[in-house]
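Please find the structures below.
Heads up, the next two complexes both have chain A, just with different partners, chain B and then chain C.
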Partner chain A sequence: MISQLLNTLYVQTQSAYVHLDHDTLVVEVDKTVRLQVPLHHLGGLAVFGNVLISPFLIHRFAEDGRSIVWFDQNGRFRARLVGPVSGNVLLRRAQHEAYEDPDRRAFLARRFVTGKIRNARHVLLRAMRDYPDVGSRVEAAARELENCLKEANRATDLEEIRGVEGRAAAVYFSVLDCLILNKDAAIRFEVRTKHPPRDPVNSLLSFAYTLLAHDCASACEGVGLDPQVGYLHALRPGRPALALDLMEEFRAFLADRLVLTILNRRQISEKDFIERPGGAVLLTDQARRTFLEAYQRRKQEEITHPLLRQQVPVGLLPHIQARLLARYLRQDAAEYAPFVAR
Partner chain B sequence: MKKLDIIVAYDVNTETKEGQNRLRKVATICKDFGQRVQYSVFECRVTPAQLEELTHRLLGVMDEEEDSLRIYVLHGGRERSLKAYGRDRYVDFDGPMIL
Partner chain C sequence: MEELVPISALQHYVYCPRQCALIHVEQVWEENLYTLRGQRLHQTVDVPDSALRDGLRVERALPLWSEKLGIVGRADVVEFLPDGTPYPVDYKTGPRRARRADEVQLCAQALCLEEMLGRAVPSGALYHHASRRRREVRFTAELRAEVEKVVAEVRELLGNDRLPAPAADSRCRDCSLVEACMPHALRGLPAWLEREWK
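Up next, the complex of A and B:
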């Protein structure tokens, strides 16, 4: 059932030209070939800013179901390639039916939120275990998340579920700073800011979430689900609500933990950020590269999936969860269990 | 899916124009599966099915009277079976690729 984790090529060299040559992808910079990769190694291509992609490569990627995603030079999502093979119409119908059914919709929303809270709590517990002196605030927050979890499990109404989610997120973010062991004054976290992020930690978190959201959207499309029809997130034109739903269970496990590790190892530090007039804080090209590299390596690490009891690369987890979700929607499975780290 | 590291080495008789064409075609096919590591030596990381396809396509192009093709399968992977010295532009297509 598990497809292979294929690599993603990231191109952020400005005015690079990416094109197709037989069954390979070629990247040219200033008319010099910088890289040639056989397509069979690639699951997707992600480009930042002024990178040109030939129409023939776009056509081929669309046909093969490989992804292309365009970001601006600051790493904000701009566009994503959608090909002709966009899944299974019966599955998408099942997806809509579950959306119309208040009970099933609430069930899924609850599962995404409990998955999110459990993984957030896991990050706190893990920090308490590894670094016993992170402080009693973290311990209190972990207990509070435990309460949120109980409430989320009892909640039946969508608004109630969203309310618990908001509160859990506030509790979790209120102690995130305690987990940054790097004591640089510039690398501090007070409150989550986005659009734009206003400090280095938020800037890294935003970038990590953007990458993760794209991976979750690809995972939904990969199993034939419509990334826009979600359950927890309200439907809005252009918003990949289902991808955002699916992402909830991975935020802490994949994005936050990686950001913390990178900061604690000082792989990225104060000098890797640029402050723009207006207060937006952005990553330098070099920092983005460092982060992408760490993200790719993390995706290749293998863990045992708690439900399947099988070794899988971390990068495949969104795909596996999307598949489990599809099973629930088709009513082949009575349950959907979110991914929870051990 | 299990992947194999293989080395493809070929020797095409280029005395004739046809020979030069064959050489170009062989190189193009090899690039579809892997990367050039020496002038007529390619390293590829392929599934058994892809190895089958690669071999089939190469045999379709080569002239068995004139040319020579050798495919070595590196059992245990290139990390264990290969020692490379000197200039080396090998790219790990499974590692992070950021340009």
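Up next, the complex of A and C:
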């Protein structure tokens, strides 16, 4: 499977060979040319599993600042091309300065959390509108999220903000099961489990969040932000704290809604999961592929960005938000406002 | 030591000061149709060499500088007239709206040539790729004074590291940086926040 989304080319055909011919990228399978794309149409390349890339193409991508990401055949992130350090050193410095400033740090943490809560609430309100019999529990939860939102808006201290976020997440996840209209006994959600997920819904959510986290990290890199220096999430070696911050506003809107849709349409069902001894639940390769395709299709859908008042593909939203964030950090914009679905 | 100002920044600045800061401070370089076409065109003029054409000596990609003005850059093409007078030619791909900006840039090249070679450079030309026409530009006292003024303003802009507010006018339609700049969104941000977040 070879597909182009926005300006990223996804190559999933095993044993494909991708190379450079002058200013054109060429994909060959079994020594026959399957695709040729002029480089200037491409911002990035994502390859899955056994796909070879010629060194010259890698060099050229590094030089031009185009991205290459390697996934394994199941869509697990493996590696990413990093060219020479470049870009805006002033932006990276501003990013660190905002981290050192308790007020700006709390402001950003608050905005990420309020964005997250608003979008979570929106998922509940939408369900109430589309399926009037989802129940009064969902309505009560939506009201409770409203309270959390007020509290989050007032909170000035980082611990307090994280506290409200935790509470809001608990309220939201406590009614997520009501939104699964598929009544299969195996597809039920009780409580969020990670590391590892211990039921099918959790394993799907975890996979969706992984994809989203990588998109948010790429969005940060794309505008020259360091994905590791975040505000809401504590700094830890190896943790993409800023990507996780940025991801908060998209979790419900992009990941959760897609998981619900896929389960409700039975595109993925009980047979798509494997339970390992001890209780970890994994997705089959086929289910990963199904989800990945749905995710890519979703990213191509267009919506109106509320602030830009412009039609944009869903997949570009993290990039737009990363740019707005960079503008705030450089004190070019007075404030940062997260993306909020409507 | 005083910061050297790139000659290309002058043209960006005259078009829109924010564009200048986005490129030379923020290092944003978005590709759109114009810049891509421009790059391909520039590949042909970007290779340093000298040659004879119609009896004229022609220098391509000639390094330029002026210590007096504190500017550096490169000329696409400098022709030398039979009497040895340098004649800079700048290649343009975009729409022709940025006229004044192009003239300022060309004149800055001329000032460099005068200082480097010790010869008067009274005129040069802009070559428009779309129409394949040359337009001669005379380096009047007024244009020269404008170059000096612009150099001073650009030096200040690059020195204080801040972005000027977006123009958010008709210039943005032809600007290759419009996606990075977000001119209208940033203009509308305060009112939008007031409505949506307070």
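Methods note: the second predicted complex is superposed on the first by the 258 of 342 C-alpha atoms of A that agree within 3 Å, B and C clash if a C-alpha of one lies under 4 Å from a C-alpha of the other, contacts with A are read in each partner's own complex, and residues count from 1 in each chain.
The rule is simple: a contact is a pair of C-beta atoms (placed from the backbone, for glycine too) under 8 Å apart; a residue touches a chain by one contact, two chains touch by 3 or more.
Predicted model only: the values in this text are computed from it and were never measured.
Look at A:90: by the touch rule set out above, it reaches chain C but stays clear of chain B.
Applying the stated contact rule after C-alpha superposition, one finds that A:331 touches chain C and leaves chain B untouched. By the document's definition of touching, of the two partners only chain C reaches A:323; chain B does not. Once the two complexes are overlaid on the shared chain, A:37 sits against chain B while remaining clear of chain C.
In the superposition on chain A, A:13 makes contact with chain B only, not with chain C.
Taking chain A as the reference, the larger set of touched residues comes from B, when chain B and chain C are compared. In the superposition on chain A, A:308 makes contact with chain C only, not with chain B.
When the two complexes are overlaid on their common chain A, residue A:234 makes contact with neither chain B nor chain C. When both complexes are overlaid on chain A, the residue A:52 reaches neither chain B nor chain C. When the two structures are aligned on the shared chain, A:82 is found in touch with neither chain B nor chain C. Overlap of the chain B and chain C interfaces on chain A: residues 40.
Contact residues on chain C toward chain A in their complex (touch as defined above): 25-28, 31, 36, 161-163, 180, 182, 184-186, 188-190, 192-193, 196-197. For chain A in complex with chain C, the touching residues are 40, 86-88, 90-91, 223-224, 306-309, 323-324, 327, 330-335, 337, 340.
Chain A contributes residues 4, 7-13, 16, 21-24, 27, 29, 34-41, 289, 292-293, 296-297, 300 to its touches with chain B in the complex.
Within the complex formed with chain A, the chain B residues making contact are 1, 28, 31-35, 44-46, 50, 91, 93-99.
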